Amino acid sequence: MRWPDKDVLYTVIFGTETPAGRRFDIALIVTILLSIVVLLLDSIGSVRAQYGTVIYGVEWAFTLAFTIEYGVRIYCSQNRLAYVRSFYGIIDLLAVMPTYLAIFIPGASFLMIIRLLRVLRIFRILKLIRYVNEANVLLRSLNQSRRKILVFFSSLFILVTLFGSLLYVVEGPENGFTSIPVSIYWAIVTITTVGFGDITPQTPLGQAIAAVTMLMGYAIIAVPTGILSAELGREMWREYEHRHCPQCDKGGHDRDANYCKYCGGEMEPPQE
Amino acid sequence: MRWPDKDVLYTVIFGTETPAGRRFDIALIVTILLSIVVLLLDSIGSVRAQYGTVIYGVEWAFTLAFTIEYGVRIYCSQNRLAYVRSFYGIIDLLAVMPTYLAIFIPGASFLMIIRLLRVLRIFRILKLIRYVNEANVLLRSLNQSRRKILVFFSSLFILVTLFGSLLYVVEGPENGFTSIPVSIYWAIVTITTVGFGDITPQTPLGQAIAAVTMLMGYAIIAVPTGILSAELGREMWREYEHRHCPQCDKGGHDRDANYCKYCGGEMEPPQE
Amino acid sequence: MRWPDKDVLYTVIFGTETPAGRRFDIALIVTILLSIVVLLLDSIGSVRAQYGTVIYGVEWAFTLAFTIEYGVRIYCSQNRLAYVRSFYGIIDLLAVMPTYLAIFIPGASFLMIIRLLRVLRIFRILKLIRYVNEANVLLRSLNQSRRKILVFFSSLFILVTLFGSLLYVVEGPENGFTSIPVSIYWAIVTITTVGFGDITPQTPLGQAIAAVTMLMGYAIIAVPTGILSAELGREMWREYEHRHCPQCDKGGHDRDANYCKYCGGEMEPPQE
Amino acid sequence: MRWPDKDVLYTVIFGTETPAGRRFDIALIVTILLSIVVLLLDSIGSVRAQYGTVIYGVEWAFTLAFTIEYGVRIYCSQNRLAYVRSFYGIIDLLAVMPTYLAIFIPGASFLMIIRLLRVLRIFRILKLIRYVNEANVLLRSLNQSRRKILVFFSSLFILVTLFGSLLYVVEGPENGFTSIPVSIYWAIVTITTVGFGDITPQTPLGQAIAAVTMLMGYAIIAVPTGILSAELGREMWREYEHRHCPQCDKGGHDRDANYCKYCGGEMEPPQE
């Protein structure tokens, strides 16, 4: 058996157009999901106690498989450095590294770090992003309303700082508001309407301020929703990507456009 | 008294156009709701202790009534196998089966299973779906945004896996995060802003990551809402665009318009 | 001093156009809010212990004032029975009755009922609805989407019944799910993302089903929001009430309408 | 070194157009954020115990810096009284005053007030508002729907008063609903879907009313969201309508359009 051609490998591993490429992708998704299931099982004390050795072996099998995949991806890339530095290249490396590092950094006192490293492998799940094309529509809408969302989060940050500080003063350490950072944490829990209930105001004034925080959180959720609704509605009215100018090939034209808004060239009528 | 004609029975039981058909439907809805109320009462310990025998009898009366209904539905269907295999056919069977199965699978050790079977009868409630025509508008909008919603839930799934794992590492079993699956459960409780409070982060780093989880959950709720708002707005616009003036051929007339708003010409009544 | 004219009284008490009418309305709002503050204070144990007699007197003063107001409203109405039977007539009666009933139904064993009657006086707050004209825009939008919202709540009702029953079976009374009604209560607490945390699933399967419930609740909140956003957007595009047909005087015309959609009469151009 | 010119100082401190003005603004933002971090650290007991003296010194350094900034702002303003009375003038004063007041109002019994004064310095964060220009778009939309939002909050206020009172009657002090104000606090916690769980209904009737409260809160969140979505959509449509073609005079052009989409004529660049 001779080595497969680099270009053939590339179309199979990186491409999704050929039947072989699709089969490879489906196999990879299944493998990623299985390896994550193994990680989840490994974290359950009783399962680990009974099947620890099996899980250890399976874990290494997955790591080796992903290492080989990483190697082959580097091998068959036209621009190897570009792949290694790309978002997916870093994710692919992060998905295998922890298991290897766990060998070189052993010892009782490093247990915490090792546990962290082992769990970092859960970043394998991010490898799935590659397959979600539909996400782009949403990401574009989010990108359009980027600045408005930033303003929203800045306001939220200011609000939780102010309300958190107020409750720290009013309630004080004896009611669980032990410091301003903890009080800000409480304000976030409250303004996002999560409401764990581990820290709750006990004094009438504290409860009144808490009520204002909740009502504010309940109302301002409307802001990001309104922004995104408006943006998505506009995006959909346009069917953004569909119409392209025959001259300059730019997209993003309205349904009723007769001429290209960028170069002034005549547009073809939209097909329904 | 001779047997009613199969076709007459069919129009009464399956149809909703004739007065008799409507009366049958209303009687069936009332019966279903009553049988569910009996199930709810049966599950309350004190009620069961006092009225157990009465409930047992009533329960059997309902089961017999639904069995007869199921039999008649099969009897008067043109294509019997099609009905039995249909969504409603299966629901109708699931609504009566548990009571019968409870006779054949008795015994102390099977109590748990019997309880489950008994409660399965609550699926009778699904029989009500048949009557909710308006649901179709919503279902069509949901279907249109199917892919975007799938992407949203995939992203949510990835986010809760990552945040759950992070908190498992940071907080660890001593603060209630006993395994990654439990931590993912916590992340779902937090990102959906439910916040039971049975598991809460105790360390400053854990609380900081939890705050990020909450803010993320608080913000991304905007995504499905935005998608559906845009889709429903479009759906309503489409309905609006549907009517055209016979004189000037312009569209965009309201449902209640008798005259064209552009040329004053008479409009045809809208077809439903 | 002679008695004021019935019609003059009517314009002052029921009308809001004259300066005297507006002054009366503002005085009434302030009185209602003050009487509610007194009720709130009365319910606080420590306040009642110290100022019980004062509150009792003030309470009777308010009740007498509202009784006189109710009497005068009946006296100066053109159609007295219509007022008594109207929504506001019933509210006005409910606002004074409890204090009087508390005299006739005394006794130790009736304490609970009396407390209920006393608190019913809080319905005085509903008298404020009279002054909120802007509410009509919202109510009309809600009315337009009436059927869709009904379908939404029916689906929610079916979902909480199914999920509640499932958790009753899976978790059982030993984990707090003591009956199906209690489990349905838990499902409502969870699907609306309130999450008190007084009842929480303990078994892995229960937590998995709970996670599905939460995600469902998190996603379907989009449905009523989407419905209302779309409806309000349409409503606002129209500026519904502003343009009226000079012939038939009907409202609800689009901005670009040249002819009345109801009678075909020519419309005046909209003023900006 | 001679004193800098008043006008030069003004452009640097109040303006954002010159490079020096931008550098000053960035330095100020960093200083504000640092001073807030110090306040947060100061509130953590363990940090204060160890680094109390350092924090005290740093705190005074920040206060002196902000005092000098306040003085220079007054000095170089054309209309000094206008600045002192302006929103930012008051914020700037509030940001420095607490540290000075802490000297003049010492003593054991005033500790609580001092703590409050110290924390008031957190209002420094509001100085950041100056830099958030994008907020205006959102504020304008919020302002447009001011009246509708007021109606929404009034309705919410009435609802929580009614539901709170009902639960006070049904559950009573023995289940934590110790007074009507506390019950209203509970109703706010519930209707905003926060759900701390520190007070929960225990009786079946109380749980049923609580379920109605939750469902209502879950549904009416749609109202502010719908209002804002519609308003923002309109705002964005208006911006879109704003540009008109100089040739054919038709409106509705995108911000990035160079040519008219209807006639192909060249467009003028949009004015910001």
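Just so it is clear, A, B, C and D label the chains in written order, and each chain counts residues from 1 on its own.
Just so we're on the same page, contacts are C-beta pairs under 8 Å (C-beta built on N, C-alpha and C of every residue); 3 or more make two chains touch, one makes a residue touch a chain.
By chain, UniProt protein names: A, B, C, D = Ion transporter.
Source: prediction; values computed, not measured.
More contacting C-beta pairs link the chains of C-D than the other of the two pairs B-D and C-D.
Note that among the pairs A-C, A-B or B-D, A-B reproduces the A-D interface, with over half of its contact pairs the same by residue number. Averaged C-alpha coordinates give centres for chain C (Ion transporter) and chain D (Ion transporter) that are 30 Å from one another.
Chain centres here are Cα means. That of chain B (Ion transporter) falls 40 Å from that of chain D (Ion transporter).
Multi-chain contact residues of chain A (Ion transporter) (touching two or more other chains): 152, 181, 193-197, 217, 221, 225-227, 229, 231, 233.
Residue ranges on chain C (Ion transporter) touching chain D (Ion transporter), taken from their complex, read 36, 39-40, 43-45, 115-116, 119, 122-123, 125-126, 128-129, 132, 134-135, 137-138, 141, 149, 152-153, 156, 181-182, 185, 188-189, 191-198, 217, 221, 224-225, 227-229, 231-233, 235-237. Chain C (Ion transporter) makes touch with chain A (Ion transporter) in their complex at residues 193-197, 225-226, 229, 233.
Taken together, the chain A (Ion transporter) residues at the contact with chain D (Ion transporter) in this complex read 147-148, 150-152, 154-155, 158, 161-162, 165-166, 168-169, 173, 178-181, 184, 190, 193-197, 200, 204, 207-208, 210-211, 214-215, 217-219, 221-223, 225-227, 229-231, 233-234, 252-254, 256-267.
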